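Supplied in structure tokens, the structure appears directly below.
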Amino acid sequence: MSFLNYLISGVSLGSIYAIIALGYTMVYGIAKMLNFAHGDVIMIGTYFAYFATTSHSLPPAIAVIAAMLCCTILGVVIEFLAYRPLRGATSLAVLITAIGVSFFLQNFALIRWGSSPKNFPSLVPFDKVSLFGGDLIISGEAITTMLACIFVMIGLSFFIKKNKLGKAMRAVSEDREAAQLMGINVNYTIAMTFAIGSALAGIAGVLLCSMYPTLSPTTGAMPGIKAFTAAVFGGIGSIPGAMLGGILLGMIEIFSRAYISTQLSDAIVFAVLIVVLLVRPTGLLGKKIREKV
Amino acid sequence: MNRGAVNSFVNYGLVLAFYLIVQILRANGDLSRAFQAQLVPICVYIIMAISLNLVVGISGELSLGHAAFMSVGAFTGVVVSTMLVDSVASTPLRLAISILVGGIAAGIAGIFIGIPVLRLHGDYLAIVTLAFGEIIKNILNTVYVGLDSTGLHYGMTSINELGMDSAGKTIINGPMGAMGIDKASTFTAAIIMVLITLFAIQNMIRSRSGRAIMAIRDNRIAAEASGLNVMKYKMMAFVTAAAFAGMAGVLYALNYSTVVPKKFDFNTSILVLVFVVLGGLGNLRGSMIATAVLIILPEMLREYQLYRMLIYSIILIVVMLITNNERAHAIKDRLVAIVEDYFKKILAPIFRRKGGAK
Amino acid sequence: MGNQIENKEERIPILETVDLGIDFGGLTAVDNFNISIKNVEIAGLIGPNGAGKTTVFNLLTKVYQPTRGKILLGGKDTASMNTVQMNRAGVARTFQNIRLFDTLTVEENVKIGLHNEIHYNWFDGVFRTARYWKHEKYAHERAMELLSIFDMQGMANQKAGSLPYGAQRRLEIVRALGTNPSVLLLDEPAAGMNPSETAELMENIRKIRDTFQIAIVLIEHDMSLVMNICEEIAVLNYGKIIAKGTPEEIQANPKVIEAYLGKQKEEA
Amino acid sequence: MKTTKIIALLMAIMMCVALVACGGNEAPPEEDNTEAATLDLGFIGPLTGPAALYGQTTLAGAKIAVEEINAMGGIQINLNPMDDEHDTEKAVNAYQQLQDWNADAIIGCVTSAPCNAVATEAFADRMFMLTPSASSTAVTEGRDNVYQLCFSDPNQGSASAQYIAEHALATKVAVIYNNADPYSTGIYQTFVDAAAEQGLEIVSTTTFTDDTNDFTVQIKEAQDNGAELVFLPIYYTPASMILKQANDMEYAPIFFGCDGLDGLLGIEGFDTALAEGVMLLTPFSADDPDAADFVAKYEEANGETPSQFAANGYDCVYAMYQAFTGAEIDYATLTSAEQCEALIAQFSSADFAVDGITGKSMTWEATGEVSKAPKAVVIQDGVYVGM
């Protein structure tokens, strides 16, 4: 029965990674940049949700929307101020700028909201479910997270396939110049990608802190790196890949902790990543790139 | 002498000038202790930046785990140095041996990590270097090393289980890292190491190997079609950089009485990467100057207390935007042109006179 | 010309393919490809766009591993060899979309071609031993000598990326020659050149063949160049050889005319 | 090419400015000697970065003590806080800055590894250090100038094992500790030895790192092995997550912790019902009537309940104050090295005792270790109750 318990917590942890990874992978697919500040956008959004529920006692649904809205605006502003001027610069320059933005957001939160962790109240209305006479207990947060993950995945797939903007995104990610020639507004499309990725970050933040209730200025950092790993694991740029990568990463993390070593679980997660990339150099679902000679 | 050679000698000159200025100021008692405390770290990070530039700038592979090699060197160096405390009386000699062994250990780690890593490309390569960095940090958190009369003991659980005799000395204590290190690093030693690093890497770049490494960066397929063993040269750059990072690690560890595995995490790797990118890819002098400035800057901002890291991050973003944005480039070029014109006007008569004399 | 005919009897095959083929996914790009290149000849590979000519070069240099068939170099099977080993065994090439080492100088580009003739190691390079100076001196002289083929000595210190288009194409040939090949594959060497440049190139290709005594295979769309200097021509269409022979035979071959005219019809 | 040159030039200029700015022993303005001299205390702790919480709360506590003392009108204390980012390199830089500032003595560092690095420098320079919360024994080992206000790690580990055994709280014990944290690992290591002596059976030992937020495995393992008590030698932030997840898993053993757990009730928004029955050995509890005044001031200034870090910071300043006034050390004219010897003499003397909010009549061994009685408290109805 422990196995099932671990499976559930692995999948729910992985679902959070997956939603964060979606933000990374969408931005990467379209802007070809690693947005290292993504984890910190999550943190800022979660603070907004926190103050919405505690200080202004707004209902959970409004708090989630507040977080998404805040993240969306933040994402678009960051894109406009810090990344857009660097369009055409080397990817490394953009990477370093993203790191600068990450520093900025963390230190801003530290000054604005202090270093003391806040206990994030769970915004999940359901109670836990007890199965097999109490041997398997699934928390409401875990159920919500998994459901949210599936919902986001389906919604995003439809959006990318059917919606005009979604199609534009695919076009820009395939070939930015060609898309521009076809009359697609590349800047607008990239900004919208940031908006959607960041809105997902808002959801991810609320779910993350509902499940693991500590909120501090560094809350987003490690989940950010893990999700980035998940995105690469699944094949960066691929939406189903981010999903698969996230969930697998969560499961590997929990299972290696349970059955191999709690001390070395992070090392094992990264070791699995390395092995996977050696077998499939562009991740699980990544497109094979054949260089034109 | 060609331009490359001139460039190299300017770099040596710059380092020596820095050394001399510091020594003169120090002799006059004009240097604050805070600045003196940063001298060795500055040199250490310069070595880190130069060696990372070999990977990122010269070889063109993004590495996010350079600090891992620093940590391998650092902890190896600490163990070696502790073992030699009694047998090698001369501190500089002990330091030199430790640096050498630490560099070799990091180089070996570089070989083991390079073999899988360098088969990948681009961002996938970057994430795997990050992964290796995290793995090494994670493992170092579980390493326990002690020294007693019977020799070296090591284990992965706790210091108590090493079975040392009562006089045993703990060298590495898991997450607590190495404590009670006999400090051996000095500014002079650090400057010598910077010069050695510059010497090795600059000469390497301007040799057959360096040419091959840059050719592979510029166009891998053409390099292969010209008969270059791509893996060999990528490895050469990666392992050389790892070895020098290891030496920097030894220098760093032996400059403090304690060093913890956590120090060499992702953030330190990123810090060094920032130096490299800001200094200019492939530009070793840029790396050196950017490192020195960015190490001193946060210390200068100390009076702003909490706001200093915020200011630091804003400066970082602004500098990146200015140096990489096309419009900013244009504005700057125009400003430079105006200043140049102005000086030309002022200096024109002088030059004319010179010409006339001829 | 007489000289060449005299040589013809001594000619032995240097590079041969046997039923060579490659598939990309389900698509067959090249199939049943059989040619035989003799040791000192100039051969041409022509065909409409997308016929698979460059793919053949990529197979011959092992940039792509063939799905079927064999490549024999000097009579030996090359199945286990990769791009680097093919080059060292004597196959050098240029690229359709120029692939120079843009940030290196012209001289350095040639020195990369000479790389495997320069024998000193990491240690010699770092410590500047006598070996380093000796071999670098040799490399410099040899590079200048090779550059003189195209009168490019004056450009030696320019960055390869900043050269004009024609000079870049010529530099690629020089670099390939540096690797001391027995077979030189030229992928559209005259692309983007004006008629007088093309004529000059034609002379130089002959000169290279005669001085270095090597086989040259070229892909080219400029029919006057191909018909003028090639002794053997193979025509490729949809990945298959549809005709082989001397320029005269090719010009008279109805299949070739159809392939080209058919293409024109489609375009119209 | 041109742009890189210009950047290089700009940076070189900045560098020169830096050299000049850092150069010169600028006399601190406090040394004017026109007014009454102040007691210049340096403070080193992590004010930014992942450990910012500990440094900032300690500093906030210390500031309250400084205000109180300055309000009394006698000695005026000037506290100069320096950020070490929980990093040895930055800590040594901070220390040297304080040296340039001519600090009389130093309160710090807040965390063990930086403290250890600074202590070496301070030992060589003869600068007195009183650390509020660096609890590793390595900090004081072999250094006569470094004193601790907090319990040392081994001390806490063995005291916990002893307390659990003596009060027969449990025989089967599980331990969850942070193996990337010196504090946690330090307590764990001595706890294991002491537990064996006391006849406690450790049925499950699991670890986590600073970045862990899912504790399912650790809790489940303790549960499956039938642990009646889970020992948590960790800080309160991860502990709050363990409590929530254990509650979700309907596992309710006794949770037993050390001073790091204090602060649990102070987390903004924490559901205190989760902490019901949690026991901890701590020198400080915010419900102690003696500390009521401090707690009120702290809450007013910072809007949150003080943790033991804040209390340690507060007591550190008072301990220093008492040492300086008790021994009548002339901080205005003596060098810091001379003050150091006087402070060592004072702290190690048998009749030097400090009544603080983290302990009544605290005294110090010559080794630098504090001796005070730990209080065992249990959380009932959201407040600490002494046991």
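We call the chains A, B, C and D, going by the order they appear; numbering starts again at 1 in every chain.
Here, contacts are C-beta pairs under 8 Å (C-beta built on N, C-alpha and C of every residue); 3 or more make two chains touch, one makes a residue touch a chain.
Remember, predicted model here, so these are calculated numbers, not experimental data.
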> Which chains, taken as a pair, are joined by the highest number of C-beta contacts?
Replying inline: B-D
> In terms of CA centres, which chain lies closest to the overall middle?
Replying inline: B
> Roughly how far is chain A from chain B, going centre to centre by Cα mean, in whole Å?
Replying inline: 32
> So how far apart, in whole Å, are chain A and chain D when each is placed at the average of its C-alpha atoms?
Replying inline: 35
>> Taking the mean of the C-alpha atoms as each chain's centre, how many Å separate chain A from chain C?
In response: 49
>> Could you work out how far the Cα centre of chain B sits from that of chain C, in whole Å?
In response: 43
> Residue numbers in chain C touching 2 or more other chains?
Replying inline: 63, 95
>> Multi-chain contacts only, two chains or more: what residues does chain A have there?
In response: 107, 110, 263, 266, 293
>> Residues touching two or more other chains, restricted to chain D: which are they?
In response: 48, 179, 209
> Across the complex, what residues on chain B touch chain A?
Replying inline: 56, 62, 116, 119-121, 123-124, 126-128, 130-132, 134-135, 138-139, 141-142, 221, 266, 270, 273-274, 277-278, 281, 306-307, 309-310, 312-314, 316-317, 320-321, 323-328
> How about chain B: which of its residues touch chain C in the complex?
Replying inline: 199-200, 203-204, 207-212, 214-215, 218-219, 221-230, 236, 240
> Mind pulling up the chain A residues that touch chain D in the complex?
Replying inline: 2, 5-6, 9, 13, 50, 54, 107, 110, 114-121, 128, 130, 134, 137, 139, 208, 211-214, 216-218, 221-223, 253-254, 257-258, 262-263, 266
> If you look only at chain C, which of its residues touch chain B in the complex?
Replying inline: 61, 63, 82-84, 87-88, 92-93, 95, 99-104, 108-109, 111-113, 115-116, 118, 120-122, 124-128, 132, 135-136, 175-176, 178-179
> Which residues of chain A touch chain B in their complex?
Replying inline: 28, 34, 82, 85-86, 88-90, 92-93, 95-97, 99-101, 103-104, 107-108, 110-111, 225, 228-229, 232, 236, 263-264, 266-267, 270-271, 273-274, 277-278, 281-283, 291, 293
